[in-house]
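Multiple structures follow.
In what comes next, chain A is part of two complexes: it sits with chain B in the first one and with chain C in the second one.
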Partner chain A sequence: MLDLAFHVALVLLLPPLLLGVINKTKAAFAGRVGPPLLQAYWDLVRLFRKDAVLSRTTTWIFRAGPVVAISTALGAALLVPLGGHAAPVAFSGDVILFAYLLGLGRFFTATAALDTGSAFEGMGAAREVSFSALAEPALFFGLLVLVRTSGALSLSLMMAAPWNTASTVAGAALVLVVVSWFLVLLAENSRIPFDDPNTHLELTMIHEVMVLDHSGKAFGLVLWGAAIKLFVFAALVANLLPFRSDDVALGWAAFVCSMLLVAGVVGVVESVMARFRLVRVPQLVVSASLLAALGLVLLVR
Partner chain B sequence: MNVALYAAAIALFALSGVPGLVARAASGAAHATATGLAAIGALTGLVSVAVTFVAPDPGVLPLGLVIASTPLAIRLDALSAIFAAPLFLIGGFGAIYGSVYWTPAERPRSVRQVRLFFGLMVASIGTVFAAVDGITLLFAWEIMAIAAFFLVTADAQAKGVLAAGRVFLYAAHVCVLALMGLFTLLASETGSYTLDTLATGVARGPMGPLFFVLTIAGFGFKAGVMPLHFWLPGAHAAAPSHVSALMSGVLIKTGVYGIVRVLTLFPDPPLWWGGTVFALGAISGVLGVAFALGQHDLKRLLAYHSIENIGIILMGLGLGLLGRAAGRPEWVVLGFAGGLLHVVNHGLFKSLLFFGAGAVVHATGTRTIDRLGGLARRMPRSAFGFLVGAIAISGLPPLNGFVSEWLIYLGLCRTIVGEDSRLVTAAGAVGVPALALIGALALACFVKAYGVVFLGEPRSAEARDAHEAPSRMTAPMFVLVLLCATIGLAPFALAAPLDDVIRILAGPRGVGPSVTTLAPLGTLGLVAAVFLGATVLLWLWLRHSTRAAPRDLPTWDCGYAAPTARMQYTASSFADWIVGFFHGALRPERHVTPLRELFVRTAHFEDHVPDVVLDKALGPVLAIGERLAVWSHALQRGHVQIYLLYILVTLVALLFTV
Partner chain C sequence: MTSSVDLLLVLVVLTNFLAVGTSRLRVCIRASAMQGMMLAMLPLLAHREAGWRAFVLAGGTALLKGWLIPRLLMDAIREVRIGREVTPFLGFVPSLVICAIGTALALVFSDRMPLAPEHVSSLYVSTALSGLLSGFIILVARRKAIMQVVGYVLVENGIFVFGLLLIEAMPFMVEVGVLLDLFAGIFIMGIVLNHIRNEFESLDTAHLADLKED
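And then the complex of A and B:
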């Protein structure tokens, strides 16, 4: 019961902090003070107090986009174990539901973008669905590695103790999956080097350009949903890091630290790299798939 | 008793168009009679299917004909019934939809033809699913092909329709040739044309590969397996929309049915059979959806998705066959359950999508995606139906497409865990990411199709003046929406019928566990229902809290003051990137006038993805064949006497040689 409360609380409250950590890291690298650590929370509070504006072109899909985006991210977050603690919802095959829930969120975000009739948002939607299509095999190759090492089909069991039974070969495969999934995290959450969340040039953007027309509470849901999605992917990576404890309190602390570490690394990557040209993005996504596939080949050869 | 009901349903469909033949073309009474007979036939057929699952009846209904010492007959087992369920559903709905889509007033020349052959096509497909022997099956198969030809060419005056019909007819006859060979071979092995289980060892004997190749060539042609799919996109696009729904939803499944029925007659199939079916499925899946992304014609796009979904179905069936060969009941259960549930699901959501596309054609007169746009505001009910179909076909929860793909995923993941032969592990290791890629590309394609056709601003006057379809077209869509949602939210309801079917397919190695013990369908349904409820509540909250939002403002186009509808993303631009990624297989063609001057006066861009097999490979080869065939004109004089002479000469020659 306590674990459940912790899980839900973390899923709802931690995501904006990850954004704060990323931005603080970037600021530290640039020698700036940067926005406050809790800025994303204040942004959300401010947006939820605001009214919205709707384009006359839009239909009900436009407002369904942010809603489905956050509900699918939340649904996926309830299927992911957090640092060895089983997820509140766990059953054999939940791993597929997890991936497809995120797909449903993508479907509605992209359709809501097309609902505005804006050329820019169409551009973002086309890029989002194209690049994600290439990232999907990377996610699944990694999941297959875990299916193979654990013999289970539920995320909670697959990630219960990835390092405990690992042979050297399985360890190497896990390292490859961590790298591959980190790339997937960057691609799916539109971070550098795939996309620059801070840019103000719509022509080059992916995710941000899809949500240009949202405002007020709907935009609040968009930002919160995107943060939860970042949290979900960060949790996938954090679950594969070897920081675990059998003690309940220490276990949760280790998980939160792993998450902050992942966010910090995202910040470092954003500080030391430039955004790729769009034509080079697919090459990197495909290499994420190949890395994870290599891991699988190591295991099933 | 249920076989008799089934036969009655088939007879009702077969006769539904006959009264219209003697009536005047404009007769409303004949039109209503045809629809009524088809609707009663559909209900009767659905009852017979339901009875089969509740109270199975092994009875055989003889048709009163004996050919080649085989008494022709039909029977209704669980496998026939699960294929027949979507047939009667879509057959009934198609007739109702078609009664306002293809009316005597608008189509006086072809309305009788469409009514008659629509009923005949449903009846012949029903007979194929229930045939006890190869001869009945072949008769029904041939009627089905001819009926489909006359339906595809109903709009014969339109551009390209006759050509599509001709390609369909050629393909149908090559397919029948392979099947005749197959059933003759089977009969020489078992001694009768009845489709009975074969002796152990035949599949692994010297004739084994021939059986397999003939089955895949014959039935795979009809199923639209790549590269035998080339007849499909043109035929589906040219046919009237309710016919496209039936063709895509059910007719191509006769190929799937044949593959399952015949390949499971062999008690000990070799491993490579399953592996080949699986690989063909994966290739059809990935390339089918890649070709779909390149299309600009809404119905051609849907047609290529049929190839993709046949691919997914074959991946499931291939897994089941691998399980039969390797003695793994859990692969048999999950593979066959997933594949066959996808047969039903694809029937539901693909006919929903074709009905939606038909509503668009009905409202605007065009199938060209880039001339549409903004239809969701003008025809909200059809748009909603199409949207639900789009989510379902992308395999997304909480709808039915997800459930069947989920079962296949579960089965595939199980091949990874154990220490099996390399072929099996490779199936899982390649199949799971391939299925994921198929799903993600289908999602991209349906974001494009729904977004460009129904959302944004209209791109042409036709789209601006569109109107909602009449209720006899939207009501069937509404019921299909409900069915898609029901299977998605309560998949456990179908566990018992699926178990019944798998018992037939499991083979001599014994029946595996129930599908519910391998896949927690109950939990999945519960989670999907809770998720859907929570999402709807959140949407209602957002709608309520933004109810006062100003609605009469334009889209904020990044400060550009004069946006036009032509600046929106189109079917071309949306898919440009993925088409480019797959250009090695798709061979897209582009026609661009380069921009040379500083102040460009005219510019032109056009791209399209032709069918590689038909337009790039078969077309040139057939053209050469046609030129060579000129020489055979000397033999074809068109005089009956000469043909009689040919027969005589042949007989005499045979007398001397045999």
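And then the complex of A and C:
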């Protein structure tokens, strides 16, 4: 019961803090003070106090977009175990539901962007779906590696203790999956080097361009949903890091620390790298898939 | 012990991928330097019982592959002011895919080789084959001569990993001989590079296929 409360509380409250940590890391690298750690929360509060403006060309799909996006992200977050604690919802085969919940959210975000009738947003939608189509194999190959090492088909069992395996190559395969999923995290959440979350109204951006027409409460939901999606992918990576504890309180603390560590590493990557040209992006996403596939070959040979 | 060796070997494969997938010469050279350092750690982890010979081998490898050769290459690209490979003979994504397929095949193939029992489940052979393959890909698919030198270094690194299997059976003079070969090879390539540059004022090896009239 306590674990359930912790899980839900973390899923709802931690995501904006991850953004704060990323921005603070970037600011530290650039020698700036940077926005406050809790800035993302204040942004959400401000947006939820505002009213939304709806274009007359839009239909219910446009209004459903943010709602579906955040609810699918929350649904996926309920399926992911957090640091060895089983997820509130877990059954055999929930990996498929997990992947397609994220897919459904993406579909509605992209359709809502198309629904505005703006060519600019259509372009962003096209980019989003093509890059995530390339990133999905990486996610699945990584999941297959975990299925193979643990012999379970439920996320909670797969990630219960990924490092406690007898096979010596399992560790090597897990390293490949961690690297690959970190690239997927960056790609799916439109971080540098795939997309620059700080640019607005640039012709090269991916996620931001799709949500240009959302405003007020709807935009608040979009931002929160995006933060939860970042949380979900960061949790996937953090679950594979070898920081665990059998003690309940220590276990949760270790998980939160590894989440903050992942966010910090994202911040470091964003500080030391420049955004890739659009034609180079598929190259990196494909190599993420190749790494995870190699991990699988390592295990099944 | 074996699992840490396997982790290191996987990292070696990752640096191969990095070298094959990048268009920047600087990144490519750094990848080969990192790989050299990792290879230097291998004899220490895998062959503690080899004693001082393992240390000498590790020290020599780190010095030569991790520091000296990358430094020479870095100096060379600073001198000729080349930043990146712009139009490779084979694109970066296809090279990466071939490299990954080759590595997967190497993993499958190494199971079928008649190895000594203590090496059967380890990743030595597949890492060696994958290193050879990625080195060959770079040698064949890149235009810039410096990139090809890095490919040559990667091929040699693959042979080095293979040689580690034999460190107990064979005198380590073989290893030293290989290191010496590599060093001589790099020197000869340096001279060749210099000649190409004097002749064509660029390090694009595609020029070598042109006929000159004057």
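The rule is short, and it goes like this: the second predicted complex is superposed on the first by the 299 of 301 C-alpha atoms of A that agree within 3 Å, B and C clash if a C-alpha of one lies under 4 Å from a C-alpha of the other, contacts with A are read in each partner's own complex, and residues count from 1 in each chain.
Operating definition for what follows: contacts are C-beta pairs under 8 Å (C-beta built on N, C-alpha and C of every residue); 3 or more make two chains touch, one makes a residue touch a chain.
Keep in mind the model is a prediction, meaning the values are calculated, not measured.
Legend: residue contacts after superposition of the two complexes on their common chain; A:Val179 is shown touching chain C, with no touch to chain B.
Of the two partner chains placed by the overlay, neither chain B nor chain C lies in contact with A:Leu261. Applying the stated contact rule after C-alpha superposition, one finds that A:Val89 touches chain B and leaves chain C untouched.
Touch criterion met: A:Pro282 reaches chain B and chain C at once. After overlaying the two complexes on the shared chain, residue contacts for A:Thr116 are found with chain B alone; chain C is out of touch. Here chain B and chain C are compared by how many residues of chain A each touches, and B touches more. In the superposed model, A:Leu153 makes contact with chain B only, not with chain C. When the two complexes are overlaid on their common chain A, residue A:Ala125 makes contact with chain B while staying clear of chain C. When the two structures are aligned on the shared chain, A:Phe107 is found in touch with chain B, with no touch to chain C. By the touch criterion stated above, A:Ala28 is placed in contact with neither chain B nor chain C.
Shared contact residues on chain A (touching chain B in one structure, chain C in the other): 282, 293, 297. If you check the complex, the residues on chain A that touch chain B are 51-61, 63-64, 66-68, 70-71, 75, 89, 91-93, 96-97, 99-101, 103-104, 106-107, 110-111, 113-120, 122-123, 125-127, 129-130, 132-134, 136-137, 139-141, 143-144, 147-148, 151, 153, 202, 212-213, 216-218, 221, 282, 289, 293, 296-297, 300.
Those residues of chain A that touch chain C in the complex are listed here as 168-169, 171-172, 175-176, 179, 282-283, 286-287, 290-291, 293-294, 297-298, 301. Chain C contributes residues 2-3, 6-7, 9-11, 13-14, 17, 21, 92-93, 96-97, 100, 103-104, 107-108, 111, 121, 123 to its touches with chain A in the complex.
The residues of chain B lying in touch with chain A in their complex are 373-374, 376-377, 380, 383, 387, 391, 394-397, 402, 405-406, 409-410, 413-414, 416-417, 425, 428-429, 432-434, 436-437, 439-441, 443-444, 446-448, 450-452, 455-457, 519-520, 523-524, 527, 531, 534-535, 538-539, 542-543, 545-546, 548-558, 563, 565, 567-569, 573-578, 581.
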